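One structure below.
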Amino acid sequence: MTTQRKLRYGMVGGGQNAFIGAVHRMAANLDGQLELVAGAFSADAANSKTTGEQLFLQPQRTYASYTEMAEREAALPANERIDFVAIVTPNFLHAPVAELFLKKGFHVVCDKPMTLNLREAKALRTTVRRTGKVFALTHNYTGYPMVKEARELVRSGKLGKILKVVAEYPQGWLLDKIEATGQKQAAWRSDPKKAGASCCVGDIGTHAENLGRYITGLEIAELCADFTTFVPGRKLEDDANMLIRYQGGAKGVLHCSQISCGEENNLNIRVYGTLGSLAWQQEHPNELKFTAKGEPARILRRGNGYVSDVAKKFTRLPFGHPEAFIEAFANIYLEAVAAIRAKIAGKKGTFDYPTVDDGVVGMAFIETAVKSAASKGKWTKFPQF
Amino acid sequence: MTTQRKLRYGMVGGGQNAFIGAVHRMAANLDGQLELVAGAFSADAANSKTTGEQLFLQPQRTYASYTEMAEREAALPANERIDFVAIVTPNFLHAPVAELFLKKGFHVVCDKPMTLNLREAKALRTTVRRTGKVFALTHNYTGYPMVKEARELVRSGKLGKILKVVAEYPQGWLLDKIEATGQKQAAWRSDPKKAGASCCVGDIGTHAENLGRYITGLEIAELCADFTTFVPGRKLEDDANMLIRYQGGAKGVLHCSQISCGEENNLNIRVYGTLGSLAWQQEHPNELKFTAKGEPARILRRGNGYVSDVAKKFTRLPFGHPEAFIEAFANIYLEAVAAIRAKIAGKKGTFDYPTVDDGVVGMAFIETAVKSAASKGKWTKFPQF
Amino acid sequence: MTTQRKLRYGMVGGGQNAFIGAVHRMAANLDGQLELVAGAFSADAANSKTTGEQLFLQPQRTYASYTEMAEREAALPANERIDFVAIVTPNFLHAPVAELFLKKGFHVVCDKPMTLNLREAKALRTTVRRTGKVFALTHNYTGYPMVKEARELVRSGKLGKILKVVAEYPQGWLLDKIEATGQKQAAWRSDPKKAGASCCVGDIGTHAENLGRYITGLEIAELCADFTTFVPGRKLEDDANMLIRYQGGAKGVLHCSQISCGEENNLNIRVYGTLGSLAWQQEHPNELKFTAKGEPARILRRGNGYVSDVAKKFTRLPFGHPEAFIEAFANIYLEAVAAIRAKIAGKKGTFDYPTVDDGVVGMAFIETAVKSAASKGKWTKFPQF
Amino acid sequence: MTTQRKLRYGMVGGGQNAFIGAVHRMAANLDGQLELVAGAFSADAANSKTTGEQLFLQPQRTYASYTEMAEREAALPANERIDFVAIVTPNFLHAPVAELFLKKGFHVVCDKPMTLNLREAKALRTTVRRTGKVFALTHNYTGYPMVKEARELVRSGKLGKILKVVAEYPQGWLLDKIEATGQKQAAWRSDPKKAGASCCVGDIGTHAENLGRYITGLEIAELCADFTTFVPGRKLEDDANMLIRYQGGAKGVLHCSQISCGEENNLNIRVYGTLGSLAWQQEHPNELKFTAKGEPARILRRGNGYVSDVAKKFTRLPFGHPEAFIEAFANIYLEAVAAIRAKIAGKKGTFDYPTVDDGVVGMAFIETAVKSAASKGKWTKFPQF
């Protein structure tokens, strides 16, 4: 059923001290379907070389730049060259790297937010459509089985018509100006040249939006955003609160923060419908609370017989043996890999991973929020695209 | 130290099938400081009479109307007449009843929201000031010891400068149009003539506002509100979401709902400062989460030696023996009673109960939210008063 | 439906610095059904007098001793004398005070454990039966609505056949030898003359046993107990662990402790059957977890429409408005008072409060545990009685 | 710093429908340090072959039996042959497979319980000592960072002298006789020939014991065990309750169950000392509750700056990005691999993984519990070994 080999992939970004590159590699390793064989891990050639060695790569396949990598990999024989590239750089490089590799014939797995702005996002969508390659965006939180279960609950009608969505993503790690101390993660995220027009919304608010849309299917009609830069001297917002009006009449509250002391990575969502509600917290991802009208809350837990087939499909361990962040991330990879295998085999299929279209919506969300905030919080229409 | 007798009180409202009247009576009973001796429990004389009998009142002190009660009680000898009146009617009667009893020389304990509108509130404030009587407003949630502890944490500087406040008050009991089925609590709350210009914000949003202000001391500069009436045919909003800008630069999110399926009475608040944060939930009121920057969250629990003297003062039971809603409500009564005893004794003192000034702010909050919502969500300045 | 007056009661014990007396009074106050009119609050006459004043008693009804009180109250006219006595002394006085008042014709509400030993308990049972008076033992934790709901779940068969019961009651307040510092609560509880043969099991283990028996109806066949006195110089055990074999084949684990650092009053129980399980924690008493085989856990919460009529009957507030320790305690009083009113009215009725028979079982439990522990942990049969 | 290659390993057991084999492979994959190159996955040759194909092995290195595998791998050149074997068979094969591979010169990673009985365990210990090979036993729960943090808290003295340990491991998956329906996991675990003298204690009780010993360092002096086989026709116990007396005077309660309806994999432990206590639950593994005497409980969370270096070392993701079962399992592998790399490099080092000595204690624990239970619950001394 599978092609009789592991797929080969290369990585752009993810050198020493990077965060998300290591996450991608663990996610890619987990299920034994993939082999990392090439990389341009850093603009710093020494960093890239050391990283390649630590990852047991053949020296000749650790490249000094992503352009060199694209060139040289494309020149390798088909049974050696990478099947896809994983892009784990700061935001500003997503689009150029993705465009290049797509055009060279490679599939792409790319971190979020997809691009620096909506214009780039639309251009990338065009390239993906034209090349016909797989493009998977790692909105990883939708990889959690109980998030998929949440979506199934909505789809099955158990919540009735959705009335209200509350999505939160508070963090506290930027409460101090750590970008001034050389903390790399903070430095590029708060730098408009590397991160784009938003820090907090681009980094995490977009996950909250994506999660809400994944679970409910609701599209935003308009929103009102209040951004704050609490830390003096920071160039982008570190806190954002929004009210949302969805198409069809549902209402939403979405707030995210990087200066909420004591919060770690507390993405969570509550969805209220006419027949039931659900609540899910990323920091306790194996549980999903579902409350039907007039009935006791039910605590649905991953791995049980009563969960949907969709949630079961993305489950590796029996109930009570918790899965977490890496496993959810790996679920995005599993689907992207399945899609790539299908492409290679010339087969059709439906796969559950965030696409370039999700990326376009995400960038539209960021731009709309930025625009509303810039107007001191006017209600702002969500663009058509 | 105490005057050598129980205080006597009468009640307006609180007949059969009422909710909050029974709560007031239990709160008043709890500490054995008070005696209920008179009442005008209902506009329905039979209901009032039956209620008086069930409460073991002397028949002649169950009155057919609050005006009769005010008249007749004022005419009793000083050692028989009530010391204060508890007003537990629907909102529209708060102001007229309070005005009358104050003018007749009685102290007042009154349920919230204080009046039908800000104009009435200001007038009542004038009367209270002029008569010099005690006027206590039962914003009962501030009676919880761990809410007082939260305020102490803020006052002590342990949170540093407050940056963000998230206050929520979701309920689900009005998800169906139960006012159409004769449910009394729902009927008057959704009737503008009895409840005022707001249902959800007036009933519960105002508690969230009051709680936030009590704990943080922050005053609202402007807000943006989005009201929704989700249940067809309902006359007032049953859901409200707001963004808040506080004086001094802090930001807030406040949302409340009566149509959030599965939610019971989930008032909760999180306050984030530069040095620490706190979180408290009304449904688990004996705990307060405090997280100092860079340290593990601490779970402070009522009754322990480490809590402040203020929290200790309002504690009846040792740790682990939970106190709850009635005890918190009774704490408002304890302070109001102490204030009344001090007045009787001609003494000064500082007491910790919500005053007519809090009531004025509460009405200003409701009116500002209504105004913003009516303008489709424009940012609206908080009035001076 | 009710007799047309409040019942009158007197109290033995409960002077200044006592704990449980104040709890009884608040529980008795809460529902406005009772009037405290007499008391012998302390062996220390000054303490008793001051207590009586603080409670607004008529001076002549604050007595210097319980014998005087029994004598003098019995001599009062029927429409003045107390209807019942509440006994809230250290354990060693329970039996003599109860015996005296029963014989003088009064009903009795008595704190637990019922007596100093099983022999006294049986004698008291004889007196109760002979006098026909109401005798209610304040095993207060069975007053919680969700404990009653737990019993209903078992009775309804939703758990199937019970297989295993785990009951815990860890506290930490005796981790230091505070009895040596004059802490009154600690002093008498660790003094065999005042507390009986056991400290930890007599004070709290017996609650865990009673709770388990109340919910499951299971009777202990034999048990194996390991007692420890961790604090040097303490005269009685401050920690006890037991294995239990129930009649009919179910198994149990019961452990209690007064030296478990950080534990407050963490009574909790889990019951596992062939079809379902339940879990309840005293520190979060408004919730009951029920899990049917193969289904998600359901969180049942007090005050909802879906709970049994029994749980509803003992509920004062709507869902989400938490009730707690005092309200549960008051439920014992409500039922005792209803039983007393029925006696006065010459009516029959079934009431849900712990009786003298429960007290006998409780004392048998304590004695069996003490006996097993004294034999270094031999399995010991539960006595017949 | 690392040897310049991935280590190669083979697997015995872990064919299709096996549970723990897949877990071992994911744990081995996660960090990109290992390559699975050989296997004898099943006594069923077809199953073994299919498994090898699915895992992308070279066909010639999927073996029909573990003896063939040992033989043939030993015959391969050093730069091809496996560095170690992972044994993931039912219990009865652990000892023979381990003995064989050790004697053939391979390092071993072996699932628990280590052997069928204590005699085998001691013999295996002798072989390990004689061969000098690395032998790692996958008591995986000690791989959790917050378990390591718990041990550090104890070691640092923050709990003072340990007084009491409560360890629980309830599961519910064997509530029905699923071994009769062909469920493989249930079938071998309840078969004395394959599992040994115990089902519940051997499978999970031993984890609870190991966890307690790992965290506290306490050694059992004697125990009293009550075993029950609740499911008719089952050959071994499916529930076990124990009281424990530790050397030095601490006391313990340990209970485990496979018939506790609604429980999934709820291993948890509480440790109470003279200065503080801790609590950890496997199903919420990123948190550790620590309560110092007289202070609020602190919720320590993985990944924060305030945790010990030991906990940090075994952490892959920032705080709030939860890690779980597989990551903990992989931590055992990481240390075993580090130990093997050190052996290969001829270096010394201290590594934190469960050893053959832990396995011997584990088997002694199982045998002592079985012996006590067989004597109807007599206190039974822990053997010397």
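Some notes on this structure:
Order of writing sets the chain letters: A, B, C and D. Residues in each chain are counted from 1.
To be clear about the criterion, a residue touches a chain if its C-beta (ideal position, glycine included) is under 8 Å from a C-beta of that chain, and two chains touch if they have at least 3 such contacts.
Keep in mind the model is a prediction, meaning the values are calculated, not measured.
By number of C-beta pairs in contact, A-D leads over the other of A-C and A-D. Taking each chain's centre as the mean of its C-alpha atoms, the one that lies farthest from the centre of chain C is A. One finds 34 Å separating the Cα centroids of chain A and chain D. Chain geometry summary: the mean Cα position of chain A and that of chain C are 55 Å apart. Shown for chain D are the residues in touch with two or more other chains, namely 263, 297, 301, 304.
Remark: chain A residues 2, 4-6, 19, 22-23, 25-26, 29-32, 36, 53-56, 171, 173, 263-266, 282-286, 301, 303-304, 316-327 touch chain D in the complex. Partner chain B is touched in their complex by these residues of chain A: 159, 163-164, 166, 168, 170, 172, 175, 224, 226, 228, 230, 239, 241-243, 245, 249, 251-253, 255, 257, 259-263, 270, 272-277, 291-293, 297, 376-377, 379. Only residues 290, 294-301, 304-306 of chain D touch chain B when the two sit together in their complex.
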